[in-house]
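Letters A, B, C, D and E mark the chains as written, and numbering starts fresh at 1 in each.
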(Lines give C-alpha, C1' and ligand atoms only; values in the text may rest on other atoms or scores of the structure.)
Protein backbone atom coordinates (compact mmCIF):
# COMPACT_ATOMS: atom_id res chain seq x y z
CA UNK A 1 0.00 0.00 0.00
CA UNK A 2 1.11 3.61 -0.27
CA UNK A 3 0.37 6.92 1.43
CA UNK A 4 -1.27 9.58 -0.76
CA UNK A 5 -3.05 12.91 -0.54
CA UNK A 6 -6.54 13.18 -1.98
CA UNK A 7 -6.16 16.03 -4.50
CA UNK A 8 -9.25 15.96 -6.67
CA UNK A 9 -12.38 14.35 -8.02
CA UNK A 10 -13.26 12.67 -11.31
CA UNK A 11 -16.67 12.70 -12.98
CA UNK A 12 -17.54 10.04 -15.56
CA UNK A 13 -21.15 9.60 -16.65
CA UNK A 14 -20.42 6.78 -19.12
CA UNK A 15 -18.61 3.94 -17.37
CA UNK A 16 -18.53 0.23 -16.68
CA UNK A 17 -21.79 -0.84 -14.96
CA UNK A 18 -19.86 -2.22 -11.98
CA UNK A 19 -18.59 1.30 -11.26
CA UNK A 20 -22.07 2.88 -10.92
CA UNK A 21 -22.37 4.72 -7.61
CA UNK A 22 -18.68 4.31 -6.73
CA UNK A 23 -16.93 7.59 -5.80
CA UNK A 24 -13.74 8.22 -7.80
CA UNK A 25 -10.97 10.44 -6.42
CA UNK A 26 -7.61 11.63 -7.69
CA UNK A 27 -4.80 10.75 -5.25
CA UNK A 28 -1.17 11.92 -5.28
CA UNK A 29 1.30 9.34 -3.90
CA UNK A 30 3.79 10.63 -1.30
CA UNK A 31 7.35 9.64 -0.41
CA UNK A 32 8.76 9.06 3.11
CA UNK A 33 9.12 12.81 3.64
CA UNK A 34 5.42 13.02 2.66
CA UNK A 35 6.37 14.90 -0.50
CA UNK A 36 4.59 14.12 -3.81
CA UNK A 37 6.21 11.35 -5.89
CA UNK A 38 5.12 10.01 -9.28
CA UNK A 39 1.83 10.63 -11.08
CA UNK A 40 -1.61 10.83 -9.45
CA UNK A 41 -3.97 7.89 -9.78
CA UNK A 42 -7.73 7.48 -9.90
CA UNK A 43 -8.84 5.49 -6.85
CA UNK A 44 -12.22 4.38 -5.51
CA UNK A 45 -13.41 5.63 -2.12
CA UNK A 46 -15.62 3.46 0.06
CA UNK A 47 -14.60 4.86 3.44
CA UNK A 48 -15.78 8.47 2.99
CA UNK A 49 -12.60 10.52 2.66
CA UNK A 50 -12.52 14.11 1.37
CA UNK A 51 -10.27 16.20 -0.86
CA UNK A 52 -7.36 17.46 1.25
CA UNK A 53 -7.24 14.41 3.53
CA UNK A 54 -4.40 11.85 3.63
CA UNK A 55 -5.20 8.29 2.57
CA UNK A 56 -3.50 4.98 2.24
CA UNK A 57 -4.34 3.06 -0.88
CA UNK A 58 -4.07 -0.42 -2.31
CA UNK A 59 -3.22 -1.30 -5.93
CA UNK A 60 -4.07 -4.16 -8.26
CA UNK A 61 -6.65 -6.94 -8.26
CA UNK A 62 -6.98 -6.63 -4.49
CA UNK A 63 -8.35 -3.06 -4.83
CA UNK A 64 -11.71 -4.48 -5.86
CA UNK A 65 -11.83 -6.35 -2.54
CA UNK A 66 -12.69 -3.00 -0.95
CA UNK A 67 -15.85 -2.67 -3.08
CA UNK A 68 -19.33 -4.14 -2.63
CA UNK A 69 -18.92 -5.86 -6.04
CA UNK A 70 -15.48 -7.50 -5.84
CA UNK A 71 -15.58 -8.29 -9.57
CA UNK A 72 -15.51 -4.61 -10.52
CA UNK A 73 -12.75 -3.61 -12.95
CA UNK A 74 -10.78 -1.33 -10.60
CA UNK A 75 -7.08 -1.37 -9.69
CA UNK A 76 -6.70 1.30 -6.98
CA UNK A 77 -8.75 1.80 -3.82
CA UNK A 78 -8.51 4.05 -0.78
CA UNK A 79 -8.63 1.70 2.20
CA UNK A 80 -7.91 4.00 5.15
CA UNK A 81 -7.53 7.56 6.39
CA UNK A 82 -4.02 8.19 7.73
CA UNK A 83 -3.97 9.69 11.24
CA UNK A 84 -0.22 9.65 11.70
CA UNK A 85 2.96 8.41 10.05
CA UNK A 86 6.03 8.00 12.25
CA UNK A 87 9.34 7.53 10.48
CA UNK A 88 12.38 6.54 12.53
CA UNK A 89 15.39 8.87 12.37
CA UNK A 90 18.12 7.45 10.11
CA UNK A 91 20.90 5.84 12.14
CA UNK B 1 -6.99 3.56 -12.49
CA UNK B 2 -5.49 6.34 -14.57
CA UNK B 3 -6.69 9.09 -16.86
CA UNK B 4 -5.61 8.81 -20.52
CA UNK B 5 -6.34 10.23 -23.94
CA UNK B 6 -7.40 7.86 -26.70
CA UNK B 7 -4.79 8.54 -29.40
CA UNK B 8 -5.09 5.74 -31.91
CA UNK B 9 -6.28 2.35 -33.02
CA UNK B 10 -4.62 -1.03 -33.43
CA UNK B 11 -5.47 -3.65 -36.02
CA UNK B 12 -4.48 -7.29 -35.47
CA UNK B 13 -5.97 -10.00 -37.64
CA UNK B 14 -4.10 -12.86 -35.97
CA UNK B 15 -4.77 -12.86 -32.24
CA UNK B 16 -5.86 -14.89 -29.25
CA UNK B 17 -9.39 -16.29 -29.83
CA UNK B 18 -10.67 -14.57 -26.67
CA UNK B 19 -9.86 -11.20 -28.26
CA UNK B 20 -12.04 -11.73 -31.37
CA UNK B 21 -14.45 -8.83 -31.79
CA UNK B 22 -12.87 -6.74 -29.02
CA UNK B 23 -11.94 -3.17 -30.07
CA UNK B 24 -8.32 -2.26 -29.28
CA UNK B 25 -7.26 1.36 -28.80
CA UNK B 26 -3.99 3.13 -28.08
CA UNK B 27 -4.22 5.30 -24.96
CA UNK B 28 -1.73 7.89 -23.66
CA UNK B 29 -1.65 8.18 -19.84
CA UNK B 30 -1.85 11.74 -18.44
CA UNK B 31 -0.46 13.37 -15.29
CA UNK B 32 -2.35 15.64 -12.86
CA UNK B 33 -1.90 18.61 -15.21
CA UNK B 34 -3.44 16.35 -17.89
CA UNK B 35 -0.12 16.31 -19.76
CA UNK B 36 1.13 13.06 -21.35
CA UNK B 37 3.26 10.87 -19.05
CA UNK B 38 4.94 7.56 -19.85
CA UNK B 39 4.35 5.31 -22.85
CA UNK B 40 0.98 4.62 -24.51
CA UNK B 41 -0.74 1.31 -23.87
CA UNK B 42 -3.07 -0.90 -25.86
CA UNK B 43 -6.42 -1.10 -24.05
CA UNK B 44 -9.74 -2.77 -24.80
CA UNK B 45 -12.86 -0.65 -25.29
CA UNK B 46 -16.27 -1.98 -24.30
CA UNK B 47 -17.97 1.36 -23.60
CA UNK B 48 -17.76 2.88 -27.09
CA UNK B 49 -15.18 5.65 -26.81
CA UNK B 50 -13.55 7.35 -29.80
CA UNK B 51 -10.10 8.61 -30.74
CA UNK B 52 -9.66 12.10 -29.24
CA UNK B 53 -11.82 11.40 -26.18
CA UNK B 54 -10.54 11.19 -22.58
CA UNK B 55 -10.82 7.86 -20.80
CA UNK B 56 -10.05 6.34 -17.46
CA UNK B 57 -8.53 2.91 -17.60
CA UNK B 58 -7.86 -0.05 -15.38
CA UNK B 59 -4.72 -2.21 -15.42
CA UNK B 60 -3.96 -5.84 -14.61
CA UNK B 61 -6.02 -8.97 -14.12
CA UNK B 62 -9.05 -6.84 -13.31
CA UNK B 63 -9.07 -5.36 -16.83
CA UNK B 64 -10.64 -8.57 -18.14
CA UNK B 65 -13.54 -8.00 -15.74
CA UNK B 66 -14.74 -5.33 -18.18
CA UNK B 67 -15.03 -7.89 -21.01
CA UNK B 68 -17.80 -10.37 -21.84
CA UNK B 69 -15.24 -13.18 -21.48
CA UNK B 70 -13.50 -12.45 -18.17
CA UNK B 71 -10.85 -15.09 -18.89
CA UNK B 72 -9.47 -13.14 -21.86
CA UNK B 73 -5.71 -12.44 -21.74
CA UNK B 74 -5.90 -8.65 -21.46
CA UNK B 75 -4.28 -6.31 -18.92
CA UNK B 76 -5.67 -2.85 -19.76
CA UNK B 77 -9.28 -1.78 -20.30
CA UNK B 78 -11.06 1.51 -20.79
CA UNK B 79 -13.80 1.57 -18.13
CA UNK B 80 -15.20 5.10 -18.42
CA UNK B 81 -15.31 8.35 -20.39
CA UNK B 82 -14.01 11.27 -18.31
CA UNK B 83 -16.39 14.23 -18.23
CA UNK B 84 -14.39 16.35 -15.83
CA UNK B 85 -11.34 16.20 -13.57
CA UNK B 86 -11.15 18.71 -10.71
CA UNK B 87 -7.79 19.06 -8.98
CA UNK B 88 -7.61 21.08 -5.76
CA UNK B 89 -5.20 24.01 -5.73
CA UNK B 90 -2.01 23.19 -3.82
CA UNK B 91 -2.07 24.67 -0.31
CA UNK C 1 -1.28 -4.56 -23.41
CA UNK C 2 1.69 -3.10 -25.23
CA UNK C 3 3.14 -3.15 -28.72
CA UNK C 4 6.56 -4.82 -29.07
CA UNK C 5 8.95 -6.13 -31.69
CA UNK C 6 10.01 -9.76 -31.50
CA UNK C 7 13.81 -9.48 -31.32
CA UNK C 8 15.10 -12.89 -30.28
CA UNK C 9 14.66 -16.35 -28.89
CA UNK C 10 15.45 -17.97 -25.54
CA UNK C 11 16.48 -21.58 -25.00
CA UNK C 12 16.06 -23.17 -21.56
CA UNK C 13 16.35 -26.93 -21.21
CA UNK C 14 15.77 -26.97 -17.45
CA UNK C 15 12.49 -25.24 -16.61
CA UNK C 16 9.19 -25.48 -14.79
CA UNK C 17 7.22 -28.51 -16.08
CA UNK C 18 4.28 -26.26 -17.06
CA UNK C 19 6.55 -24.51 -19.56
CA UNK C 20 7.50 -27.67 -21.50
CA UNK C 21 6.78 -27.21 -25.20
CA UNK C 22 5.99 -23.49 -24.86
CA UNK C 23 7.96 -21.26 -27.26
CA UNK C 24 9.77 -18.38 -25.50
CA UNK C 25 10.65 -15.16 -27.36
CA UNK C 26 12.44 -11.95 -26.46
CA UNK C 27 10.25 -8.89 -27.15
CA UNK C 28 11.23 -5.21 -27.12
CA UNK C 29 8.42 -2.87 -26.02
CA UNK C 30 7.80 0.16 -28.30
CA UNK C 31 6.53 3.69 -27.61
CA UNK C 32 3.86 5.60 -29.59
CA UNK C 33 6.43 6.48 -32.27
CA UNK C 34 7.14 2.73 -32.41
CA UNK C 35 10.63 3.33 -31.03
CA UNK C 36 12.10 0.93 -28.43
CA UNK C 37 11.32 1.83 -24.81
CA UNK C 38 12.43 0.04 -21.63
CA UNK C 39 13.98 -3.40 -21.33
CA UNK C 40 13.03 -6.46 -23.39
CA UNK C 41 10.94 -9.18 -21.79
CA UNK C 42 10.64 -12.93 -22.22
CA UNK C 43 7.14 -13.74 -23.50
CA UNK C 44 5.36 -16.95 -24.49
CA UNK C 45 4.15 -17.40 -28.07
CA UNK C 46 1.05 -19.45 -28.81
CA UNK C 47 -0.01 -17.71 -32.02
CA UNK C 48 3.03 -18.52 -34.16
CA UNK C 49 4.89 -15.23 -34.56
CA UNK C 50 8.48 -14.93 -35.82
CA UNK C 51 11.55 -12.88 -34.98
CA UNK C 52 11.24 -9.52 -36.77
CA UNK C 53 7.44 -9.36 -36.55
CA UNK C 54 5.46 -6.87 -34.45
CA UNK C 55 3.37 -8.24 -31.58
CA UNK C 56 1.04 -7.00 -28.91
CA UNK C 57 1.55 -8.59 -25.54
CA UNK C 58 -0.22 -8.97 -22.24
CA UNK C 59 1.42 -8.85 -18.79
CA UNK C 60 0.67 -10.42 -15.43
CA UNK C 61 -1.50 -13.27 -14.21
CA UNK C 62 -3.67 -12.92 -17.31
CA UNK C 63 -0.76 -13.90 -19.56
CA UNK C 64 -1.26 -17.53 -18.59
CA UNK C 65 -4.81 -17.30 -19.93
CA UNK C 66 -3.25 -17.49 -23.42
CA UNK C 67 -1.69 -20.90 -22.67
CA UNK C 68 -3.18 -24.41 -22.79
CA UNK C 69 -2.32 -24.78 -19.06
CA UNK C 70 -3.65 -21.58 -17.48
CA UNK C 71 -1.87 -22.38 -14.20
CA UNK C 72 1.58 -22.06 -15.79
CA UNK C 73 3.94 -19.63 -14.01
CA UNK C 74 4.24 -17.05 -16.81
CA UNK C 75 3.69 -13.28 -16.71
CA UNK C 76 4.03 -12.14 -20.34
CA UNK C 77 2.37 -13.55 -23.45
CA UNK C 78 2.17 -12.55 -27.09
CA UNK C 79 -1.56 -12.43 -27.88
CA UNK C 80 -1.64 -10.96 -31.40
CA UNK C 81 0.33 -9.96 -34.49
CA UNK C 82 0.02 -6.22 -35.16
CA UNK C 83 -1.06 -5.41 -38.72
CA UNK C 84 -1.29 -1.67 -38.29
CA UNK C 85 -1.11 1.02 -35.61
CA UNK C 86 -2.76 4.37 -36.38
CA UNK C 87 -1.91 7.24 -34.07
CA UNK C 88 -3.92 10.45 -34.38
CA UNK C 89 -1.95 13.62 -35.09
CA UNK C 90 -1.55 15.76 -31.96
CA UNK C 91 -4.01 18.65 -31.92
CA UNK D 1 10.05 -10.29 -3.16
CA UNK D 2 12.39 -7.53 -2.09
CA UNK D 3 14.59 -6.70 0.88
CA UNK D 4 13.58 -3.61 2.89
CA UNK D 5 14.27 -1.88 6.18
CA UNK D 6 11.35 -1.23 8.52
CA UNK D 7 11.52 2.54 9.01
CA UNK D 8 8.25 3.57 10.60
CA UNK D 9 4.68 2.96 11.62
CA UNK D 10 1.32 4.12 10.28
CA UNK D 11 -1.79 4.78 12.33
CA UNK D 12 -5.21 4.77 10.65
CA UNK D 13 -8.33 4.67 12.79
CA UNK D 14 -10.76 4.76 9.84
CA UNK D 15 -9.99 1.89 7.46
CA UNK D 16 -11.40 -1.06 5.55
CA UNK D 17 -12.97 -3.57 7.99
CA UNK D 18 -10.67 -6.34 6.73
CA UNK D 19 -7.67 -4.33 7.98
CA UNK D 20 -8.87 -4.12 11.62
CA UNK D 21 -6.16 -5.40 13.96
CA UNK D 22 -3.52 -5.68 11.23
CA UNK D 23 -0.24 -3.91 12.06
CA UNK D 24 0.88 -1.50 9.31
CA UNK D 25 4.57 -0.57 8.90
CA UNK D 26 6.51 1.72 6.58
CA UNK D 27 9.27 -0.16 4.75
CA UNK D 28 12.11 1.24 2.64
CA UNK D 29 13.19 -1.05 -0.23
CA UNK D 30 16.96 -1.68 -0.54
CA UNK D 31 19.23 -2.37 -3.52
CA UNK D 32 21.92 -5.08 -3.77
CA UNK D 33 24.34 -2.93 -1.77
CA UNK D 34 21.55 -2.72 0.83
CA UNK D 35 21.19 1.01 0.13
CA UNK D 36 17.71 2.60 -0.03
CA UNK D 37 16.09 2.56 -3.49
CA UNK D 38 12.71 3.97 -4.53
CA UNK D 39 9.88 5.13 -2.27
CA UNK D 40 8.80 3.49 0.99
CA UNK D 41 5.66 1.38 1.03
CA UNK D 42 3.03 0.58 3.63
CA UNK D 43 3.15 -3.17 4.37
CA UNK D 44 1.28 -5.46 6.75
CA UNK D 45 3.19 -7.30 9.48
CA UNK D 46 2.02 -10.71 10.66
CA UNK D 47 5.39 -12.08 11.80
CA UNK D 48 6.18 -9.57 14.56
CA UNK D 49 9.01 -7.42 13.18
CA UNK D 50 10.07 -4.10 14.69
CA UNK D 51 11.19 -0.71 13.41
CA UNK D 52 14.92 -0.92 12.61
CA UNK D 53 14.83 -4.58 11.56
CA UNK D 54 15.39 -5.86 8.00
CA UNK D 55 12.48 -7.57 6.25
CA UNK D 56 11.69 -9.23 2.99
CA UNK D 57 8.34 -8.37 1.54
CA UNK D 58 5.92 -9.59 -1.09
CA UNK D 59 3.85 -7.39 -3.42
CA UNK D 60 0.49 -7.73 -5.14
CA UNK D 61 -2.52 -9.99 -4.72
CA UNK D 62 -0.32 -12.60 -3.04
CA UNK D 63 0.40 -10.23 -0.14
CA UNK D 64 -3.04 -10.98 1.30
CA UNK D 65 -2.06 -14.66 1.42
CA UNK D 66 0.03 -13.74 4.47
CA UNK D 67 -3.05 -12.51 6.37
CA UNK D 68 -5.71 -14.40 8.34
CA UNK D 69 -8.35 -12.97 5.95
CA UNK D 70 -6.89 -13.62 2.49
CA UNK D 71 -9.57 -11.42 0.89
CA UNK D 72 -8.26 -8.27 2.60
CA UNK D 73 -7.47 -5.37 0.23
CA UNK D 74 -3.70 -5.26 0.79
CA UNK D 75 -0.86 -5.33 -1.75
CA UNK D 76 2.33 -5.48 0.34
CA UNK D 77 3.18 -7.79 3.23
CA UNK D 78 6.28 -8.49 5.30
CA UNK D 79 6.81 -12.25 5.04
CA UNK D 80 10.18 -12.75 6.76
CA UNK D 81 12.95 -11.23 8.88
CA UNK D 82 16.25 -11.20 6.99
CA UNK D 83 19.13 -12.77 8.95
CA UNK D 84 21.74 -12.48 6.24
CA UNK D 85 22.12 -11.53 2.58
CA UNK D 86 25.16 -12.88 0.73
CA UNK D 87 25.92 -11.32 -2.63
CA UNK D 88 28.56 -12.95 -4.83
CA UNK D 89 31.49 -10.78 -5.87
CA UNK D 90 31.14 -9.62 -9.47
CA UNK D 91 33.31 -11.69 -11.82
CA UNK E 1 9.30 -13.09 -17.65
CA UNK E 2 12.77 -11.64 -17.52
CA UNK E 3 16.35 -12.87 -17.77
CA UNK E 4 18.47 -12.45 -14.62
CA UNK E 5 21.74 -13.58 -13.08
CA UNK E 6 21.64 -15.36 -9.74
CA UNK E 7 23.91 -13.17 -7.59
CA UNK E 8 23.35 -14.21 -4.00
CA UNK E 9 21.43 -15.98 -1.28
CA UNK E 10 19.10 -14.82 1.47
CA UNK E 11 18.71 -16.42 4.89
CA UNK E 12 15.55 -15.78 6.93
CA UNK E 13 14.84 -17.96 9.95
CA UNK E 14 11.59 -16.18 10.89
CA UNK E 15 9.20 -16.19 7.93
CA UNK E 16 5.71 -16.99 6.71
CA UNK E 17 4.95 -20.71 7.31
CA UNK E 18 4.25 -21.21 3.59
CA UNK E 19 7.88 -20.29 2.86
CA UNK E 20 9.42 -23.01 5.08
CA UNK E 21 11.89 -25.09 3.09
CA UNK E 22 11.76 -22.84 0.01
CA UNK E 23 15.20 -21.70 -1.22
CA UNK E 24 15.46 -17.91 -1.64
CA UNK E 25 17.97 -16.36 -4.06
CA UNK E 26 18.92 -12.81 -5.03
CA UNK E 27 18.61 -12.27 -8.79
CA UNK E 28 19.82 -9.31 -10.86
CA UNK E 29 17.62 -8.54 -13.91
CA UNK E 30 19.47 -8.10 -17.24
CA UNK E 31 18.74 -6.01 -20.34
CA UNK E 32 18.93 -7.17 -23.98
CA UNK E 33 22.72 -6.76 -23.97
CA UNK E 34 22.64 -8.99 -20.86
CA UNK E 35 23.85 -6.07 -18.74
CA UNK E 36 22.37 -5.50 -15.25
CA UNK E 37 19.27 -3.29 -15.18
CA UNK E 38 17.23 -2.17 -12.15
CA UNK E 39 17.41 -3.53 -8.61
CA UNK E 40 17.88 -7.17 -7.63
CA UNK E 41 14.90 -9.14 -6.40
CA UNK E 42 14.41 -12.02 -3.99
CA UNK E 43 13.07 -15.03 -5.93
CA UNK E 44 12.19 -18.60 -5.00
CA UNK E 45 14.09 -21.48 -6.59
CA UNK E 46 12.39 -24.80 -7.20
CA UNK E 47 14.48 -25.95 -10.15
CA UNK E 48 17.89 -26.16 -8.45
CA UNK E 49 19.90 -23.26 -9.86
CA UNK E 50 23.14 -21.96 -8.33
CA UNK E 51 24.75 -18.59 -7.70
CA UNK E 52 26.48 -17.49 -10.92
CA UNK E 53 23.98 -19.19 -13.25
CA UNK E 54 21.55 -17.35 -15.55
CA UNK E 55 17.83 -17.72 -14.87
CA UNK E 56 14.54 -16.59 -16.28
CA UNK E 57 12.01 -15.52 -13.72
CA UNK E 58 8.32 -14.84 -13.40
CA UNK E 59 6.72 -12.03 -11.37
CA UNK E 60 3.42 -11.58 -9.57
CA UNK E 61 0.67 -13.91 -8.39
CA UNK E 62 1.73 -16.47 -10.98
CA UNK E 63 5.13 -16.90 -9.25
CA UNK E 64 3.47 -19.03 -6.58
CA UNK E 65 2.32 -21.40 -9.34
CA UNK E 66 5.91 -22.66 -9.41
CA UNK E 67 5.74 -23.75 -5.75
CA UNK E 68 4.32 -26.88 -4.12
CA UNK E 69 1.95 -24.65 -2.10
CA UNK E 70 0.45 -22.31 -4.71
CA UNK E 71 -1.08 -20.13 -1.98
CA UNK E 72 2.32 -19.07 -0.67
CA UNK E 73 2.85 -15.29 -0.43
CA UNK E 74 5.59 -14.98 -3.05
CA UNK E 75 5.80 -12.69 -6.09
CA UNK E 76 8.98 -13.76 -7.93
CA UNK E 77 10.09 -17.25 -8.92
CA UNK E 78 12.93 -18.71 -10.97
CA UNK E 79 11.23 -20.92 -13.56
CA UNK E 80 14.12 -21.94 -15.84
CA UNK E 81 17.87 -21.99 -16.39
CA UNK E 82 18.81 -20.04 -19.52
CA UNK E 83 21.02 -22.01 -21.93
CA UNK E 84 21.14 -19.40 -24.66
CA UNK E 85 19.64 -16.06 -25.64
CA UNK E 86 19.76 -15.10 -29.33
CA UNK E 87 18.99 -11.49 -30.17
CA UNK E 88 18.48 -10.53 -33.82
CA UNK E 89 20.78 -7.83 -35.19
CA UNK E 90 19.00 -4.49 -35.47
CA UNK E 91 17.90 -3.79 -39.04
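In this section, a residue touches a chain if its C-beta (ideal position, glycine included) is under 8 Å from a C-beta of that chain, and two chains touch if they have at least 3 such contacts.
Since we're looking at a predicted model, the values are computed, not measured.
**Student:** What are the mutual neighbours of chain C and chain D in this structure?
**Tutor:** E
**Student:** Which neighbours do chain B and chain C have in common?
**Tutor:** Expected: no chain.
**Student:** How far is the middle of chain A from the middle of chain E, if each middle is the mean of its Cα atoms, in Å?
**Tutor:** So the centroids are 31 Å from each other.
**Student:** Approximately how many whole Å separate the CA-defined centres of chain A and chain D?
**Tutor:** Each chain's C-alpha centroid was found; their separation is 19 Å.
**Student:** Give the residues of chain A touching no fewer than two other chains, as numbers and ranges.
**Tutor:** Each of 60-61, 63-64 in chain A touches at least two other chains.
**Student:** Chain adjacency by touch: line, ring, star, complete or other shape?
**Tutor:** ring
**Student:** How do the chains line up around the ring if the path leaves chain A toward chain D?
**Tutor:** Start: chain A; next: chain D; complete ring order: A, D, E, C, B.
**Student:** With touch defined as at the start, can you tell me which chain A residues reach chain B in the complex?
**Tutor:** The touching residues are 7-16, 18-19, 24, 26, 28, 39-43, 51-52, 60-61, 63-64, 71-76.
**Student:** If you look only at chain B, which of its residues touch chain A in the complex?
**Tutor:** These residues of chain B touch chain A: 1-3, 29, 31-32, 37-38, 46-49, 56, 58-66, 70, 77, 79-88, 91.
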